[in-house]
Structures are given as C-alpha cells and as structure tokens.
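Input: structures, listed below.
In what follows, subunit A forms one complex with subunit B and a second complex with subunit C.
After this line comes the complex of A and B, so read on.
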C-alpha cells in the first residue's frame, strides 16, 4: 500500500485535558479516507496537527514515507497539505479571485489577467463556474465550499483535509461535492474527510478511522464494516434507537403565520411573505441551506426582529407588537442558535442562568427559591456535566452549555418551542434525548419548530418538514413528505 | 477665487497625507486614533532635524523618527495586545507633552529655523498618494495580504499569512506618511508651535471613515473637508459661525457611520488580534 500520510502515536495535551492520546492514522494515496467521531473526540485536533496549526507533544508524521516536522501551516502548505476548516476560510470583503490567490500569490505584484486565466482553467477542470471579480460575501455555502477546493488546487495540494465539508450543503450539493472529490482522488490526490454523517462514509469513502475521547478506536476498510458497528464504535456503547416519528397533532391550530415579511441585517427582504399553520402536538422541522431566511423567520417569531408585513398568532392571539416578555409568558421557549451570545451569560452561575428570560414566570416569583428548585432539574434533564450549580456558566464546555440551555427551554410548561440547530455540539445519543423530550412536550400539546441544516436529523425526528429557500417557504407534496431527494430538490429550488 | 483654490489645496493636502497614513494602519486592522500625536511629533522632528541637518537629511531623519513612534504603536497593540484606542490616545498625550517639554527645554525662544524640503514636492506627493496607495492595496501581494489582515486576521493566519508582520509594514507606512504631513505643515509655517496640528489627525481619520477605508475616496473626503475649512477662512464667520464649520467634518462622519451615506465598509477585523 502506498501511504501518503502516516501519523504515528500523536499525543496532545491542553492543561488537564488529553485531547489526543497516541492516535495513529494511515491514509493511502489517491483515496478518500473518512475520520469519524463525536464532537470533542479529537478529530479536528488530529487534523490541525497534520496541517501544522498545532504542534503535537509527541508522535511522528510521515508524508509519502519521509519524516517531516510541521511547525506552522505555512510549512504544511509547502509540503502540499491543504485544509478546509469547518468555518470556511473565505474572507467576504475580498473578491473570489483575491480569495483564491490569498497567501499563494505568484509574485510581489499581482497579475490579475494571468491569475484569472489559471483560475478559470482550474474551475473548468472541476466543472465549477465563478464570477471572479464578485465579492465573496455573495457566495452561497456551496459556492464557498467549491472555492475552498479551488484554493487547494491553486496551491497544488496533494493532500486535502476537509472538516465537515457537507455540514452546510443540501443533499444535491453534497453529492456534487463528492463527485468532484472522487475525480480528484482518481488523479492521485489524497483526501481526508472529517465527518459525522455515516451515510457519506459508506457511499463515498474507502477507509474509515474512528476516534473517541482522544483515542484511536478502530480503523476499517469501509466495505468490511456495518453501519451499526461503526455507530457503536463512535458512541462507545449502544446507540439509542430513533423510531419513526409519529405525530400527535390535534386539529387545533397553535402557531399561525401569514404573509410574513422580514428584513435581514443587510436590509434585504429575507422572509418573503410566507404563510403556514402549525397544529398543537406537531414537531415541525424547517430544512434549508444556511442563509435562506430561517434565522430571520426565527427572530420574528421570538420578537427579536420586527416584521415589515404579515401576522403571527399563537392560539389566536396576535403576536405582532407583543414584547418578547409577553411571548415568554404565553409559553415561548427558545434554544437559540448561538448559546454563548444568545443563550447564557457566561459570567453568571448556573443558578442565575436558570431563570434567565424566565424570571417573569410565576415559578420565579421568589427568584432565589425558584432557582434553587429548578436549576438542578434543568441541569439533570440532559445530564449537564458541571462542577456545581454555583459555578460560572463559562466554566462549562460548549456541549454542556447546550445541554443546560435545552433543559431550561423544556422545563417549564412550554407551549411553543423554537430550536435552532439544537444538536449543535451534542453527541449522537444526547441529540436523541433532546428530541425525545421535545416530542414528549409536543405530546402534551406544545408545538415545536426546529431549524436545522442537517436534513437527516430532521427526517429522523420531525413529523412534518417544511423547506425554506430564498426566503420562500415550501412544503413537499404529501407523497414526498419523507423523500430525502425530493426535499433536497426543494432546498436548492430545483423542484 | 484663486485664493480660495489655493487655500483649499493648502488645507487639503496635509489631511490627505494623514488620512492615508491612517489607511496604512486601519485597513490592516490597527485602529489609529493616534494620528494626531504622530503628526505633531513629525512636525517637531521636522523643525528639529531640518534646522540642524538641512532639508534632505532632515526629511529622512523625520521619516525614521516618526516611523519609530508608529512602531511603538505596533508594539503596544500587536505584541502586548493593548487596547488600540487607549494606546493611540496615549501616543497623542505623549506627543503633546513631549513636544511642549522639549521645545521649552531646548528652544524657549521658539523653534523656527526650519529648512524644509520644497513645498511643491510634498504637494505632488500628496496628490499622487491616493492613486499610489490604491495600486499598492489592490494590485500587489502586500496590499492583498494587508487587506486580509484587516478583514479577518484568523482566516488569514490559516492561509499562512502573518497578520502581525503585515501590520508592522503597514505601521511603517503610517510613520512615513505622517512624517511627510508634518514636514508639509512645517513648510507652511516655518516654526513649531504647541498643538500646531490642531485636530487634523482626527479630521483625517474622519475622512478615512467617510471614504469607506478606500484611499481615493478618503482623498476626496479630505478635499471636501479642506474646501470647507478654506471657505470658513475666506468668509470668517460671516454667514455661518466658524464653530459650525469646524464641526462639519465630524457631523458628516457621524452621518456616514450611522449608515446614511451608503453601506458601511468598516474592515471587519479592525482591532482584532
């Protein structure tokens, strides 16, 4: 076997945390290799070591058989390694061409005409199309991902690391991406894909390496391993089953939105006159690629953004003009997108955070007593790991903050649950538990609206799926309501 | 009319040089409220060095000394990670105090024996500078990396760029242009007086913001502010109180920042490590 990458017994420690413990990874040249594991398992840390973005405490790295030490990303790039991080490395204020060449210019004075010609050649080779002089802030997530791949080609990368490349893409765009990657692999490029989506591993990758808790767990030929075994290796135990979602929807309309228009932060109309009726008991997923108006729709229902037209009612009461406080009293509970900035106050203790936003409810009329009673229940609901409820929220890891925020949203008689990417930062089984609790609240008569960019997650848990694309709302035909491909087409507006 | 145009140029060109000095640091991500102090020190250096070493050598030494002050700002913000605005203000206060003190100590009768380089040369530099900086910023490797450091230093770092190194170069540029501005101000009134920059550093910064951190637009904004001051001098308080004229640049800039004059173009990485 001709190995492009050999990482041997790599270890890295951050303070008390052993992020990597003697992890080895061997990748065959010209193949697509998957690196899988839960959040915090050490996947990204291992890849950063290969990209020179961090220096391991011990271990060896060989590229094509030669031992190398990579002290910076610059050195890794010089060795032909390229990495696309989860949050793309594209700078919105620069043009597409400038982003392509940034850091790999071919001389002190730029030669735009020549650069554009080579850029165009690379794009054609991959079947991509770009307006090179446009600002990159106008790129869609799929466009950004394509530009990232061209950036690696521009740098003649022979080894490409892609961290969760499909996290923001529609199923169709994901398939197109893997088609491009296979083409590159066939021409001798070695590709390492960090992912948590197992179907991708089985469909597109040759080998798979599993890490958990900073340790190497397994290494298989994909053809020789089953989905259940792989999932159990990732979780480190049995995987909680995800039964087909069953709706307990009554005939009663709870949340009704009609002709809603909301402006986005750049002044554009982000939500373009959408209408929908949700029943009590429904767990509704809103699918779509990031940036298609989901955020603005969310903010307008929360009361954080003021719609320019249309109506929002909950159980018949109009919410236009209602304050956020009034909506919370009416039963609005939110798991926000950005828990650091929108969900918690990191300098406050868990006790104090337990009443954040809910302080106006009767449960907190005696705030100290309310916190003492409810904070432990919120923390236990999803087994938040903490060093005492009087510790600051900032001392918790991101995943544990997310557990606490989800516990808080679901504790006190929710009527309308809004969750934006609730699985963010959570492991597989915790995600299932959060959704199970949301389902339980729906069975009691609440309505839940979930925005996620991960269609598979929504299909696993929601009993109704709506799609947002360019600020418009679509509902798949009844016979295609659970058809992944059909919903994917709606996500990219190709229906 | 001719007087008015002359006056307008006299008022504008120093602003152009200072605003572009600000461009060199701000577009790379370093907030520069210290332009006032750097220019004031440059004025002082210009008199002190040119009176002793003549125009050519005097200008060179002024450039070197002002660049060193500018690099002090780099050291504070990039190495010691001090707050950009506080360190900038510190430089302003240091400049005001130090120039006053040294003038009093070494030349209590006044510092006025300057041998400035020809004014025309400095004017010419001020006129071509916006175009030159546009070229530097958009057509060279340094310019591209400089903008990337000002827009998103973390992403730039992942691409193998060293934002701190790029900003080092940028702040040398700031020093050079402040030195030219200081020399020009001295060439106009061949003596140093306390606080002789009289707020030009702040007005130039306002012009840079109004120009959306783009060299040519910033130059035009300086011309606008220069014309406003020329009119004020010409019709000294005849129609509109001079205080109102003086507040004009700040007022226009406030409107610009509030988004009344088109999209806000603040570099996203301004002030980030």
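After this line comes the complex of A and C, so read on.
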C-alpha cells in the first residue's frame, strides 16, 4: 500500500486536557479517507497537527514515506498539504480571482490575465464554473466550498484536508462535490474528510478512522464495516434509537403565517411573501441551504426583525406589533442560532443566565429564588457539564452552553419552540435527547419549528418538512414528504 | 564531612521540592478564583504603595514623614476623619451614579455636568422656598434637573447610536457655562459681588446627623449609603435591575430575552443623571450652603475612578470613595511639607490603570 500520510502515535496536551493520546493515522495515496468522531473527539486537533497549525508533544509524521517535522502551516503548504477549515476563509469583498490567489501571489505585482488563465484551467479540470471578476460575496455556500478546493489546487496541494465540507450544502451539491473529489483522488490527490455525516462515509470514502476522547478507536475499510457498528464506535456505547417520528398534531392551528415579507440585513427582501399554518403538536423542520431566508423568518417570528408585510398569529392572536417580551409571555421559547451573542451572557453565572429571557414569567417573580430553583433543573435536563452553577457561563464549552440553552428553552411550559440548529456542538446522543424533549413538549400541545442545514437530522426527528429557497417556502408533495432526493431538489430550486 | 555535605544536599532537595509543591498549590489556587482575587488586591495595594513612596522620593520628601502626614491628615484625628467623610460624600453618591450607568453599558462622563446643573437648580429652589421644605424640594429639583440634563445623551445613544462619552462631554461644557451664566445673572445673590447665589438660611442648612466633639457624620453621607444599598438591591434582586444589567452585558442577548434595550438605555441615563443631581443638591444643603461658579472641584470626574475601582460590586463603592476621600483630604495636609497635592491624584490614577489592566486580563483569560 502506498501511504501518502502516516501519522504515528501523535499526542497533544492542553493544560489538564489530553486532546490527543497516541493517535495514529495512515492514509493511502489517491483515496478519500474519512476521519469521524463527535465534537471534541480530537479530529480537528489531529488535522491541525498534520497541517502544521500546532506542534504535537510527541509522535512522528511521514509524508510519502519521508519523515517530516511541520513547524508551521507554511511548511505544511510547502510540503503539498492544504486544509479547508469549517468556517472557510473566503473574503466577500474580494473577487473570486483575488480570493483564489490570496496568500499565494506570484510576486509583488499581480498579473491578473495570466492568473485568470491558470484559474480557468484549474476550474475546467474540475468541471467548476466561476465568474472570476465577480465579488465572492455573491457565491453560494457550495460555490465557496468549490473555490476553497481550487485554492488548494492553486497551491499544488497533493494532500487535502476538508473539515465538514458539506455542512452547509444541499444533498445535490454534496454529491457534486464528492464527484469532483473522486476525480481528484483518481488523479493521485489524497483527500482526508473530517465529517460527522455517516452516509457520506459509506457512499464516498474508502477508509474510515474513528477517534473518541482523543484516542484512536478504530480504523476500517469502509466496505468492511456496518453503520451501527460505526455509530457505536463514535459514541462509545449504544446509540439511542431514533424511531420514525410520529406526529401528535391536533387539528388546531397554532402558528399561522401569511404573506410574510421580511428584509435582510443588506436591505434585500429575504423572505418573499410566504404563508404556512402549523398545528399544535407538530414538530416542523425547515430545510434549506444557509442564507435562503431562514434567519430572517426566524427573527420575524421572534419579534427581532420587523416584517414589511404579512401577518403572524399564534392561537389567533396577532403578533404583529407584539414585543418580544409579550411573545415570550405567550409561550415563545427560543434556542437561538448564535448562542454567544443571542443566547447567553458569558460574564454571568449559570444562575443568572437561567432566567435570561424568562425573567418576566411568574416562575421568576422572585428572581433569586427562581434562579435557585430552576437553574439546577435546566442544567440537569441535558446533563450540562459545569463546575458549579455559580461559575461564569463563559467557563463552559460551546456544547455545554448549548445544552444549558436548550434546557432553559424547554423548561417552562413552551407553546411555540423556535430552534435554529439546535444540535450545534452536540454529540449524537445529546442531539437525540434534545429532540426527544422537544417532541415531548409537542405531545403536550406545543408547536416546534426547527431550522437546520442538516436535512438528515430533520428527517430523523421532524414530522413535517418545509423547504426554504431564495426566500420562498416550499412543501414537498405528500408522497415525497420524506424523500431525501425530492427535498434536496427543492432546496436548490430544481423541483 | 561527606556526611554533612550529603545532609545539606538532602535538605536542599527537600526545600526545592516543597517549594515547588507550594508554588504548584498556589498556582492551582489562583486558578480557582478566590485566591486570585486576593492576590490581585494585594498586588494592587503593593503597587500603589510602592508608587506612592517612589513618587514622594522623586518629589524630594522623606517618604516616612510624608506618609505619616498623609495618614494623620486623613484618618489621624476625629476632625481629619470628618474631613475625609466630607470629601467622600459627593464621591460616593456620584460613584453610584456612574456605577449604575456602567451596569447598563454606558460610560457616563457627564456626572460632572449633571452634578453642576443639579446643585445649581437645587440651590435656587432651596433659596426660593426656604426652610426644611426647601431642602426636600431642592433635592427633588436637583434629581430631576440632573436627570433631564443626562436625558439627551440617553436618547442620542438609544435612537441615533451617538456615543454617550462624546455627548456627555459636550453636555458637561454646556453645563459649566450655563451654571456660570445663571449665577452671574438670574440666580445671583442680591449682595453678592462674585458669581454666586445667596447663602442658604440656617434652617435650610443640613446639620450633621451625629456630632461628637470634632467628629461629624453628615446626613448626606447617610443618604449616599442608603442610595448605594438601594441601587445594589435594585440591580441584583429585581427584574428591572436584572434587565438593565442584561442590556449592559450583552445587548443582543438582552433583546432576544425580551428586554427593550433602547428604553433601558434612556432610563439608565436618566437615573444616573438624577443620582448625580442629588449629589449636587446635598452638597449645597450639607456643605457649601450656596452655589458659586467653580463650586465643583471635579468630583464628577473623580467619580469615574471611584466607580471603576469598585469593580462589579456596588458595596465596593464604600471602599473606593473612602480611599479617594482620604487621599484628597490627606493630600491637602501634604502641602505643609511642600509637596503638591497632585501627587495623590497621580498615585490614584496609576492604581486605576493597574486595576483596569488586571480586569482586562481576567476578561481576556476567559476565552482561552
């Protein structure tokens, strides 16, 4: 076997945390290799070691059989290694061509014509199409991901590391991306994909390595392992089953939205006159590629954004003109998208954060007593790991903050639950637990609306799926309501 | 000989290892928080003292006699303590004013102007009404006028996103000139030669609450203590105080939590200005007994330091305003030694900078 990458017994310690404990990874040249594990398992740390972004405490790295020491990313790039991180680095104000060559210019003077010619060649080779003089802010998430891959090719990367490359893509775009990756692999490029989406592993990757808690757990030929086994290796125990969602929807309309129009932050009309009725007891997922109006819809239902037209009613009461506080009293509970800015106050203790957003409810009429009573329950609900409820929220990891925020949103009689990527930063089983609790609240008569960019997650838990594309709302035909491909087509507007 | 050497070596190794253990323990303890705060307070105190000694030496004074003079002058006798409390009183109340605004995320540089406007209108009211009723109405008018003076800054911040530091500085300048004009014209005392109001009648002057020999406890400082406790309670125990702190700590999260952050900004600015106005009114009724051009020596600016040095805790205002008061009072007695009073101001300023640096480091440390 011809190994492009051979990492042997890599260890890395941060303070008291052993981030990597003698992890080894061997990747065959010209293949797509999956690296899987939950958040905090050590995937990204391992890849950063390969990319020279951090120096391991111990361990060896060999590239194509030669031992190397990578002291910086610059050295790694010189060795032909390239990495696209999860939050990729395309600068919207620059043109696609400028982004492509950023950091790898040929000299002090730019040579656009020459560069464009080479860019075009690379793009054609991959079957991509780009308007090189257009601003990159016009790119779709899929376009951004493709440009990132071209950036690596521009730098002659022979080994590519892609961190969650499909997190923001529709199924169709994901498939197209993997088709390009396969073509690259066939021409000799080695590709390591960090992912938590198991279907992708089975469909597109040759080998898979599982890490958990900083340790190497397993290493398989994909063809020789089953999905259940892989999931259990990732979680480190049995995986909580995800039974087919059963709706407990009653006939009563709870949230009704009609002809809603909302402007986005750039002044564009982001939500274009959409209407829908949700029943009490429904757990509804809104699928779609990021940036298709989900955020603005979400904000207008919360009351954070003012719609320019249309109506929103909950149980017959109009919410146009109602303040956020009034909506919360009526039963609105939110798991926001950006928990740092919208969900918590990091300088405050967990006690203080427990009443944030609920401070006007009767439970907190004596705010200190309410916090003392409810904060422990909110933390316990999804097993938030913390060093005491009087510790600052900022001392918690992102995943634990998310657990606390979810616990808080579901604690006090929710009537309408709005959750934006509620599984963000959560492991598989915690995700299941959060959705189960949302389901339990729906069974009690609440309505839940979940926005997620992960269609599989929505299909796993929601009893009804709507799709947003370019500010319009679509509902798949009844016979295709759970058809992944059909919903994927709606996500990219190819229905 | 060899045995002695071995023994010594063993002892040395034991010393080193126990020293290392101790250092390790200290390191862990300081990571745990409480000890860290104590450690920081000690460092702050030490640094302040060293700076004070060093600057006194640079100034050419004998540090020992200068510091003993400073202590005698500020807390060395009943009359010195009374003087310190007199200095402390406006600083405490203005400290509460700045503190409240800080909790709402606002840096009220305008306390000085609100203090001036409050004391000017309070003096006019007390003189016009007279008697104890005049004092009560005067304090009320002081609160309202101070609050109104801060209000534009609140509105501009909330609805036009104009920074409160800029607007309050501008309002300070207007306040200085407005009050100067008022006491040169409409509010000028009948027999006054300079720009000043008439003196309050005796029955409008607040007497000390307690007077034992040379020691006096003014009523105004009691009001200040009550205000501090009241504001502290309001901020930590009530829903509206909670919402104000949320708006200050993270406006977006507060907005998502149903807090009307714009209204909170306006309200906080008004309240902060009112408290500064009360400080001004009490200053007239208790100590000055008249309003004159230049009657504030910059209490509003010192109060920024008082509020910052209190940290996040309202009760810290007692300690910080006392420290400021003592150094102000003691600094005056340094002049006998030929040392400029300004030296204490300088030391205070450096202490605040060190304090701010420690605070900043703690915040930065949270993210790693």
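In this text, the second predicted complex is superposed on the first by the 495 of 495 C-alpha atoms of A that agree within 3 Å, B and C clash if a C-alpha of one lies under 4 Å from a C-alpha of the other, contacts with A are read in each partner's own complex, and residues count from 1 in each chain.
One rule holds for everything that comes next: a contact is a pair of C-beta atoms (placed from the backbone, for glycine too) under 8 Å apart; a residue touches a chain by one contact, two chains touch by 3 or more.
Predicted model, so just to flag it, every value in this text is computed and none were measured.
Q: Output check: A:355 vs subunit B and subunit C. Expected answer is one of first, second, both, neither. What do you get?
A: A:355: touches subunit C, not subunit B.
Q: Just checking: does A:89 make contact with subunit B only, subunit C only, both, or neither of them? Give me first, second, both or neither.
A: first
Q: Of the partners subunit B and subunit C, which touch A:324 in the superposed model: first, second, both, neither?
A: Only subunit C is touched by A:324; subunit B is not.
Q: Is A:243 touching the first partner subunit B, the second partner subunit C, both, or neither of them?
A: In the superposition, A:243 touches no partner, neither subunit B nor subunit C.
Q: Quick one: classify A:341 as touching subunit B (first), subunit C (second), both or neither.
A: After superposition on chain A, A:341 lies in contact with subunit C alone.
Q: Return first, second, both or neither, reflecting whether A:302 touches subunit B, subunit C, both chains, or no partner chain.
A: second
Q: If we overlay the two complexes on their shared chain A, which of subunit B and subunit C does A:394 touch? Say first, second, both or neither.
A: Touch status of A:394: second partner only.
Q: Which one hits more subunit A residues, subunit B or subunit C?
A: Of subunit B and subunit C, the partner in contact with more residues of subunit A is C.
Q: Which part of subunit A faces subunit B closely enough to touch in the complex?
A: Going by the criterion above, the answer is residues 53, 72-74, 77, 83, 85, 89-94, 98, 101-105, 107-110, 112.
Q: Which part of subunit A faces subunit C closely enough to touch in the complex?
A: Residue list for subunit A touching subunit C: 302, 304, 323-328, 334, 336, 341-348, 352, 355-360, 364-365, 367-368, 392, 394-395.
Q: Which of the residues in subunit B end up touching subunit A in this complex?
A: For subunit B paired with subunit A, touching residues are 139-142, 144-145, 147-148, 151-152, 155-161, 267-268.
Q: In their shared complex, at which residues does subunit C touch subunit A?
A: Residue positions touching the partner: 236-239, 242-243, 246, 249-250, 252-260, 363, 366-367.
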